[in-house]
Amino acid sequence: MNVGFIGMGQMGAGMTASLLRAGHKVMVYNRSPEKTRPLVALGATAATDIGDACDGEVVFTMLADDRAIESVTLGEGGILKELGRGEIHISCSTISVALSERLARAHAEANLGFIAAPVFGRPEAAAAGKLFVIAGGAASQLQRVTPLFDAIGQRTFVVSEQPQLANLVKLSGNFLIASVIEILGEAMALADKGGIDRHQYLDLLTATLFGAPVFKTYGALIADRKFEPPGFATPLGLKDIRLALSAADTLSVPMPVASLLRDRFLTLAAHGGSRLDWSAIGYLPAVDAGAPYL
Amino acid sequence: MNVGFIGMGQMGAGMTASLLRAGHKVMVYNRSPEKTRPLVALGATAATDIGDACDGEVVFTMLADDRAIESVTLGEGGILKELGRGEIHISCSTISVALSERLARAHAEANLGFIAAPVFGRPEAAAAGKLFVIAGGAASQLQRVTPLFDAIGQRTFVVSEQPQLANLVKLSGNFLIASVIEILGEAMALADKGGIDRHQYLDLLTATLFGAPVFKTYGALIADRKFEPPGFATPLGLKDIRLALSAADTLSVPMPVASLLRDRFLTLAAHGGSRLDWSAIGYLPAVDAGAPYL
Amino acid sequence: MNVGFIGMGQMGAGMTASLLRAGHKVMVYNRSPEKTRPLVALGATAATDIGDACDGEVVFTMLADDRAIESVTLGEGGILKELGRGEIHISCSTISVALSERLARAHAEANLGFIAAPVFGRPEAAAAGKLFVIAGGAASQLQRVTPLFDAIGQRTFVVSEQPQLANLVKLSGNFLIASVIEILGEAMALADKGGIDRHQYLDLLTATLFGAPVFKTYGALIADRKFEPPGFATPLGLKDIRLALSAADTLSVPMPVASLLRDRFLTLAAHGGSRLDWSAIGYLPAVDAGAPYL
Amino acid sequence: MNVGFIGMGQMGAGMTASLLRAGHKVMVYNRSPEKTRPLVALGATAATDIGDACDGEVVFTMLADDRAIESVTLGEGGILKELGRGEIHISCSTISVALSERLARAHAEANLGFIAAPVFGRPEAAAAGKLFVIAGGAASQLQRVTPLFDAIGQRTFVVSEQPQLANLVKLSGNFLIASVIEILGEAMALADKGGIDRHQYLDLLTATLFGAPVFKTYGALIADRKFEPPGFATPLGLKDIRLALSAADTLSVPMPVASLLRDRFLTLAAHGGSRLDWSAIGYLPAVDAGAPYL
């Protein structure tokens, strides 16, 4: 298919590479154009503006936050104006449920398709086409873009006809990951202060009941107390927890662990931890138990 | 080997069966003697009192709580008096770190061996010899009982020469399981109220980042909202979280999620939830979000 | 002085009455005009639009939330356009720190004065001219409006030259009130379930260490379990805690009790408690301890 | 009356002085006898052992913790053995509800009177006879000792015929004080980081809604960040919160703020804060917000 892709960060670049590898034609756009070059080298075409990127049947966006999506979609010369009738905007960013709902409405009113398709997976999974795609949108639209999801992901989960519910699932998933970091951090602070080797302790956990990737990956970071360079930086973690709490507030769902996580991220922010990986919140229970500050 | 086994609850009975199957001779004791009969049918010998059960090289205990262990070990006609010099007491119960430490000292002073060997696994795993054994004690003692651990478990983790650290690991493990129930409960309350099917949501989680048994087992119970009959009842869960908090208090380790779990279990206790499986705490976030009380 | 007053809710009406009583001339405006009549009967003049209300030297606003203030101030025919050069807008509403800062900047750029002056006190205090005024703004502007503050309040506290810091103080004050409700609720749930009469318990507290009005007023509501009709409804309480948390987030200040309060208000919202006084959160600890739902 | 008084710490010494001033005869006992000398100088008689102190109609105890009371009351040569039939033991210490209940039963079985009478007030209030006495016990016994309570306190509150409920009230009161420290600490961390002077902020609070002594006393300590020398040291604060949580556990009353306070005290303990006044927990919100560790 002919598609556009806006946002050449680590994730967007990897997804674009996967699309190219699957034989799709991709017109790439990024605010700072030098980031498009490696993709052009792989066969993509550089778009000069957002309008250019909207020339295909589908345009993807993978951007940092609500503000970026709002500006690229609803601003001057944005997607809503530039996309052709019946064409589809696939929004892969981790954005607020409220904005996703607003975008869905705006696209429908303009006779444009809109799919929310946030993903689970780190940049390497994006580059390998091994993401998990969490998709929400009208069945007919989803069917049309199946080959694209097949190119970027190992599996697609359709959660609802309402696009914003895909964002809700994504946010709840990031909440769960951060929660696992917290509870591992507490358990490890206890074991460590009791006199048990952290790595041995983690091996025991992951060999028994806690074998999921999320325990292995984040447990190792906490046991090593190695939080730089960041794979996913603390300000992004804080942003996602804020969005989860905001969605929970709208739905009147108290989430005490999410509130605790927000406080952990704020503590890191207050102590200059913005450069760290978000797993650094898993060190804070040790700090409360007497370990030195980062 | 010739061993005694005190405590024929579901776990103790299963472990005894595994010992018998591996060719060990087991003298079984239980306060209410009728519980020993099925094991006698499998080849065990019924002991008439604790002293009887202490006639072998090793005596296991698998009892409900600190009080039971204290009475059986330190009371009149208890293990400490009855066990022969150089013989070993293997304590498999989930008891407090403080009591385990006290028992270790008392045994050492009496020239008796003492190993703490709490286990991970439900009754079926005990019966199948598939437990995970978390062992603490002197290396020489641990070596002597290796054939016994091989009989009851699929794998043994030696965590320390200090027996009580095995109890610390066990308690921290139960804390982690209860924490997973809590965070799944919060995430599911959010997804559910947002309009996503709970079972579909759980499938998505366990197929992606959260594939560990603990997510599958407890996630299903929460999604089904089926908390009876209990596999592990809420009063036992409350007991274990109390013990974890008590160990954390002794070590000056704040554990905010453990405190939250304690409050969840107290809420269930206050509302007559003692008959429920401990996964019922995973329903409380839904209650806070407007679902009806149990 | 000649002043305008926009917003004839219970608070605004009381403040206007106090201004009239002190001899000031007041031009009153309210979206639904019938609410201005009682004040006209007291000597006020009814303004036909916002522009009318901006004809004096000073215009007060006392409105429900950020959205209302934004529209009245920055919208078409709003204060920013209508107020004369050098004249002063006194914003008494409980609004976000962020909006107050934005308004301060906007007024300065338009060569208008801007004072944030949220108040402590219930409607009766407003009517009696007995409010506490928390003021932020330039010293020269504050000096000009001293007679107005003297008319509405028993005392004025100038907290900063930066208007938004007055809003921060106001929000932190409402956080403290809600926190007192929470801690009284917890203590009373404990005493009550232990077998102590709630009213006797409260008398003891307020006669000893906890004699402040905030303990007496809210303690009585919790002891009576009487939350209707609302003096200050739960949705307003939730709004203010949200604003406090938002300011805390901007400043990277974790406030665990504020997070707990947010969850309490969400729980009430989820269970249909929007009609209740905000002191109803002080009943939730009793509910957790087994008391029936509202 | 002829009374004995066991425990010449700061509180016990002050209370004894007040009893002497009111004309009562006091036989004083303390484990380290030199502490009785200042009281002997005021007219007291030094007892050589606990039995001596039990020669009057009434014996007071004011000791550090459960262990001390247990030993002095139930141990060899303790009060239970030494006190004459029909005489009364007044226990003023802050002890657990469970122990108080156990003592009440033991005294009743031995035909001895037992009153729990913990007090509110610092050492200066004890010396001045200005304590608040929280009393629980049989009406007939309470009546007999009225002159003694009049001597030590400015007012006596009888809360129940069950002695242990007086301890419950005392513990809940200490919970409330610690909670006020926490919430003031959070509010002040926010105001301070926002740019408001802490002392000016506190003046505003105490001049408006928060005029109670507890806000003034502890607010000043937090604003000054002066936590040495301790008036009431953090280990005592931790002890009392533990006892409150333990009583709440027995009654199945979740108290999330009490759990938070426990974590605050544990954090201080982990960072060497045992030498500090318990108001130091009010500094921890500032630490979370970026202030340097103690």
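Read from first to last, the chains carry the letters A, B, C and D; within each, the first residue is number 1.
Methods note: a residue touches a chain if its C-beta (ideal position, glycine included) is under 8 Å from a C-beta of that chain, and two chains touch if they have at least 3 such contacts.
What you see is a predicted model, and the numbers here were worked out from it, not measured in a lab.
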item: Comparison of B-C and A-C (more C-beta pairs in contact); value: A-C
item: Most widely separated chain from chain D, with each centre as the mean of CA atoms; value: A
item: Euclidean distance of C-alpha centroids - chain B vs chain C, Å; value: 53
item: Length of the line joining the C-alpha centres of chain A and chain C, rounded to whole Å; value: 39
item: Chain A: positions in contact with at least two other chains; value: 248, 252-256, 260, 263, 266-267, 270, 288-290
item: Chain A contact footprint on chain D (complex, rising order); value: 263, 266-267, 270-271, 288-290, 293
item: Contacting residues of chain A [partner chain B, same complex]; value: 97, 120, 132, 134, 155, 157, 159-160, 162, 165, 168-169, 172-173, 175-177, 179-180, 182-184, 186-187, 189-191, 193-196, 200-201, 204-205, 207-215, 244, 247-248, 251-258, 260, 285, 288-290
item: Sites on chain B touched by chain D in the complex; value: 242, 248-249, 252-256, 259-260, 262-264, 266-267, 269-270
